[in-house]
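Data first, discussion second: the structure below is written as structure tokens.
All chains are identified by letter, namely A, B, C and D, in their written order; residue positions are counted from 1 within each chain.
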Amino acid sequence: MTEPEAILRMTGIRKEFPGVVALDDVDFRMFPGEVHALMGENGAGKSTLIKTLTGVHGIDAGTIELGGSAVSFAGPPEAQRAGVSTVYQEVNLCPNLSVAENIFIGREPRRFGRIHWAGMRRRAEVLLGALDLRLDVSAGLGSQSIAVQQMVAIARALDVSARVLVLDEPTSSLDAGEVEQLLKVLRSLREDGMAILFVSHFIDQVFAIADRMTVLRNGKLVGEYRTSDITPVELVTRMIGKELEVLDDLEESAHDRSDLAAAPVFLQADGLSRKGAVAPFSLEIRQGEVVGLAGLLGSGRTELARLLFGADHSDSGTLTVDGAVVPMRTPRAGMDHRIAFSPEDRKTEGLVGELTVRENIVLALQAARGWSRPLSRKRQDELAARYVAALDIRPTSPETLVRNLSGGNQQKVLLARWLITEPRLLILDEPTRGIDIGAKTEIQRLVAKLSGDGMAVLFISAELEEVLRLSHRVTVLRDRKVVAQLDNESLTADEIMSIIAEGSSA
Amino acid sequence: MTGHRLFWPIAALVALLLVDLAVKPSFFSVELRDGHLYGSLVDILRLGAPLILVGIGMTLVVATRGIDLSVGSVVAISGALACLHLSGLGDQNSVGGTLVAVAMALGLCLALGAWNGFLVAVLGIQPIIATLILMVAGRGIAQLITDGQIITITSGPFRAIGSGYLLTLPLSILIALVVFVLTSVLVRRSALGLLIEAVGGNPEASRLSGLRSGRLIWLVYVFGGLCAGVAGLMISANTSGADANHAGLWIELDAILALTIGGTQLTGGRFSLGGTVIGALLIQTLTTTVYTLGIPDTATLLVKAMVVLLVCLVQSPAFRAKVRRRRKSPPPAPADRPVKVEVSA
Amino acid sequence: GGGSDSAGGGAVTLGFSQVGAESGWRTANTKSVQESAKSAGIELKFSDAQQKQENQISAIRSFIQQKVKVIAFSPVVESGWDTVLKEAKTANIPVILTDRSVDSADKTLYKTFLGSDFVTEGKKAGTWLTKEFASATGDVNIVELQGTTGSAPANDRKKGFADAIAGQAKFKVVASQTGEFTRAKGKEVMEAFLKSQSKIDVLYAHNDDMALGAIEAIEAAGKKPGTDIKIVSVDAVKDGMQALADGKINYIVECNPLLGPQLMDLVKKVAAGQEVPTRIETEETEFDQAKAKEALPKRQY
Amino acid sequence: MSTLTRVKEYRPQQRHLPMIATLVLLVAAYGYGASQYPAFGSGQVVFNLFINYSWLLVVAIGMTFVILTGGIDLSVGSVVALSTVLSAELLTKHGWSAPAVIVLVLAVGALLGTGMGALIHYFEIQPFIATLVGLFFARGLCLTISTEAPSIDNAVFTSIAQTQIPLPGDSHVSISVVIALVVVVIAGYVLHYTRFGRTVYAVGGSEQSAVLMGLKVARTKVSVYALSGFCSALGGLLLVFYKLSGDPLSAIGTELDAIAAVVIGGTILSGGSGYVVGTVLGVLVLGMIQTLIDFDGTLSSWWTKIVIGALLFGFIVLQRLIARRAR
């Protein structure tokens, strides 16, 4: 069949970083009016390809054509002017500015040559409205949950009338509702002939929206496919280079609570609350139990988790660990009770980018031991090596600077940090954010195993299926309130959604 | 080779020394005079010692995203208190008395460091302003101690700290060396280094990883105070007198300069004590060079500016990259116009 | 409340703005002013400017606000006082300059100047040198330790000295660097000189502190200060005199900080509206080693 | 609408707390002075604050821009001195006309600033160091140009310097004060109502993000240093108007005063948050401290320093306490 002229054509792209070949002779093309998914495992080179397109990184070899003419952007501003609008993987906004400003800065509506603040706020509310998001747009961005920030970044990209829209894992921390909303918007943009580059580790999302997909593996091009010509299983096989075994076995083990009823309660919260974050709630977690938190964006899951760990301190209520009431004022207190908390925002709250993978992995354990009892270098290397292997962190050298890791691999490092502390309660806030399905199943299996060995787990994920698959019990939040706690015999996503929904109707 | 963190600082230092050698061949001559080594290089080591010490302390402070402007005043206070005590002694040459004086001075400096740490770690005041307080008040305290006069002392043991020699080497540099080695070992063999770099690299992440950053920050300021204290003793001992008004004036700037040349970022995180030592020596070499080559003192600052600029430029990867691109950029020139290549290269 | 009461019943209020406390000399100067004010029964408003002219100006402004009877100050620099002095004049508060003069074209802006002449000090040092080496035939190699670059005493003492030795070709200033008026720098610079200069006969230091620092350097180099290298300096602070008496310095030109008593007399006169000479040089002597020995015991600073 | 009302009653206060606290403290300090020292209460004392510190205020405004981007500028003091020396030199020795001198001085300041900005942005030299080089360089130029401090008798300068703008209550201010206040207003406007201003905040918030958002980071970063250089030069001119002399050793340590003023005014050194008004208050705090000491007139040289430190401490701690309380 005859294809229209490609709007974007990248040929023979090569990008080396000291020690790593991130991209090796990669071809990539996009057509107007299509959604093109860029697929690949963590570290495959997706974000790098995008950054070479927008001029964040220069290329070592290859050519880039936009609208038929060769281009090489010196930086994002140029790319933007040429009509390439991008949402990068890590949220890249200014926490010190308001939501509205983050959407419009650089393109602020002006009147009499001066910034027209009121007009800006109005337009921001409209834009976010289109994404079904209603919030005080003059509030500081820093105080928003990571999901909100992601939506803001998307809104910013949508506002510019671009020829090519690039979205690097825009949905990694959105829940079903927002995703649906986003896809709707993308479809209408596609109608208007925009070319959309879409990166996601959610296969179903990709098949729902993409017309065409390009698969990368270890920085090399595997191939380009029409969605209609390929099945999910085939796609995954091409991404990871081997068959993926599914998790039905896990399903079983997860849900039998027979022994749990007997298990002693590890942690119990009574009327715990924090103003502006979560209303008083009670919650108990038994040893070996996986409790999932379900709720919409901004429902207060993260807040709740932070209280249990002592990341924020509560205004009211008590926390009981092993039957003894304990003050939980600092993270340190949480750790002293063998509680671990892996935060949702790896960039600002999780990792120390300047330090190596090894150093980041041992950080929490070392902090717990205190400075005077250092882990021997040998011990550190072993720990690092073990978890680099276990979680398949790439590149495999534990001496790589974390900031040079791909998003998903960074997430794995964060996870490793807490796993080596061998906690009794492991709080995971969006642990699988931006992680490819291979690793995701790995992590889910790990969680199941750990709980099997008696570790209590509090599991937060925007992906409801994941929560359901893993948890013995699901605690549902709505508007910063705990509205239901359900044993997960055979819960379905719809049941949960209806619980969330009915509240908002009531 | 050029990859190593310390390559460029060392290269700069060597380059500067070579300039000296070229201009004044006698610059490298080191002879033995009444039982100790004597020569410009020896002076550089001896006079560089205080800066090295202050630099080491400052490096750790900076690694935690802090800064300590008060070191200069602490230097003055330390010297003043020690000399005040000594001047009161019947027999200034008594080792015991000297030790007491030293102990008193260093004790006070620890307290001053703790004060800085308190302001930063507990009250959460921004380091630059928190230490500015002691920078201003500290001078006053030092002058209060000396009553604005220069306290001259004759104590042999004390003077040794600044101008004495051991095994023909200046005692001061040996002290600095010991402090450097001890600190390096402590920091790298224990987990301090890692924890400090973590706190400086990402405070919130460190907090959520259970680091007691407050204590760490406190610790580094106390240590910074101690280092400044020792430096203060050296400086006053070197001139066998406490000059509360001038001792350690602007040393904080030189210290920060030294650690930057050494490759530590003022934004916190990774630090390199070795680099700081190199940086300090570089700065001292520069000063000595100016005096030795008889550069008119109206031009001194210009020279200093230029040298520092050069050193920082060659160290900056961005700069080197740009230069390399320059070299590359002109297209392979046709054989018939070789001259042009010369020009462009 | 109006300032009249601040001027006190009969007591004269004197607003005195000091440069700072940058040296022992300065501190002695301050002390003398404070003490003699007390003994003369003059109410003193003292303000230390921390070497900043801006502070001195604002201090003088506040004196004007408080309607003191007389204002005295030692200018941190000689220029830049017209505006504030005019204000003082319009508020008709008489002004006395101490230690350093100002270069205002309008001499009516201040009643009188009390202090020493830095150029003369330099000259005296130079003249001594010419006498000392009158017989010398070969070159006389001089190294100079200057005060803080750009400061009035440094400029003038350099100038005066240069003028004095100008006539004779045998006097050669082979090296001249700033020692910033401090011992530490004095020593550091001298160490460098000792290595860079093959032959040094004389050291001229703009103040005693630098000379004292240099002495340590000379001794460390295995030379005898005062004999191998002749030393002449300015100020005559106690430590300096000690060194002079010990024969480590050869000659010191006094620069007397004890202006207090003289100043207070002037203040009283000026306050009473009597006429005073427009320029009063403080009586200052010069010390050689012999004079130093007898002067030393009753040296207060 | 409800959101907007929430904005009004809640958000701004939070951000303005440090400044409000500072203002309260200033008033308190003034009240104390008035109660302690006769003639302190007179309005002129307040106006003198502005007269004496107008030059520092202008310098601090430039510094505010730099610090908002997360940078720092140590060169301001030297640039101020250079401006005074240049003015004196050109007016007295080379007989330039006043306007020409003013233009040149401002140009030189801006140029030096641009240079440092370029070093910082294009060669990624840390601001602290790049501007420290600037500090050495400018001060070095001062001394090479002249080691003396000549007076300036240029008619224009003298008239600007000595004109007093009368105010009610037989008090007065100088032209410099007016200039400084104009600068303040412009700066405030630029920061709040122009793209450049907002980009300054964005860069301070997260430079990497600012780049990826496609903002003109390079231009902004270089500009703030150019601006700071310009303000320092202007401050230098005001200082010339203030003293009518060019002193190569003047304004030593001004960088610390300026930084202190900015930080006391509630601006965060890591950048991204702060206001020009805060800086004004910060300068007034420093001035107030100096004035209190001048009026007291019993402090010895060293107690002066100690008390300055103590007052500084008091101001900062109280400021935090008040701010905390109000939260």
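Convention: a residue touches a chain if its C-beta (ideal position, glycine included) is under 8 Å from a C-beta of that chain, and two chains touch if they have at least 3 such contacts.
The shown structure was predicted, so the numbers you read here are calculated from the model rather than taken from an experiment.
**Q** Return the chains common to the contact lists of chain B and chain C.
**A** Neighbours common to chain B and chain C are D.
**Q** Look at all chain centres (mean of CA atoms) and spot the one farthest from the centre of chain D.
**A** For chain D, the chain whose C-alpha mean is farthest off is A.
**Q** Hey, which pair has more contacts between C-betas, A-B or C-D?
**A** C-D is joined by more C-beta pairs in contact.
**Q** Distance between chain A and chain B based on Cα centroids, please, to the nearest Å.
**A** Their C-alpha centroids are separated by 44 Å.
**Q** Using CA atom averages as chain centres, what separation in Å is found between chain C and chain D?
**A** 34
**Q** So what's the Cα centroid distance for chain A and chain C, whole Å?
**A** 71
**Q** Can you give the whole-Å distance between the Cα centres of chain B and chain D?
**A** Inter-chain centre distance comes to 30 Å.
**Q** Give the residues of chain D that touch two or more other chains, as numbers and ranges in rising order.
**A** As it turns out, chain D has residues touching two or more other chains at 143, 147, 301-302, 304-305.
**Q** Which parts of chain A, given as residue numbers and ranges, touch two or more other chains?
**A** Residues of chain A never touch two or more of the other chains.
**Q** Provide the list of chain B residues touching at least two other chains, using ranges where the numbers run on.
**A** 143, 148, 297-298, 300
**Q** Can you give me every chain pair that touches, using the contact definition above?
**A** A-B, A-D, B-C, B-D, C-D
**Q** Using the touch definition from the top, list the residues of chain B that touch chain D in their complex.
**A** Against chain D, chain B makes touches at 69, 119, 123-126, 128-130, 132-144, 148, 253, 256-257, 260, 265-267, 297-305, 308-309, 312-313, 316-319, 322.
**Q** Can you tell me which positions in chain D touch chain A when the two form their complex?
**A** The touching residues are 3-4, 6-7, 11, 189, 192-195, 198-199, 201-202, 204-206, 208-216, 272-273.
**Q** In their complex, what parts of chain B are in touch with chain A?
**A** Where chain B meets chain A, its residues are 189-192, 194-195, 197-198, 201-202, 204-212, 216, 269-270.
**Q** Spell out the residues on chain A that touch chain D in their complex, using ranges where they run on.
**A** Chain A reaches chain D through residues 56, 75-77, 79-80, 86, 88, 92-97, 101, 105-106, 108, 114-115, 121, 125, 135-140, 156.
**Q** Can you tell me which positions in chain D touch chain B when the two form their complex?
**A** Listed in rising order, the residues are 74, 119, 122-126, 128-130, 132-134, 136-137, 139-141, 143-144, 147, 256, 259-260, 263-264, 268-269, 301-310, 312-313, 316-317, 320.
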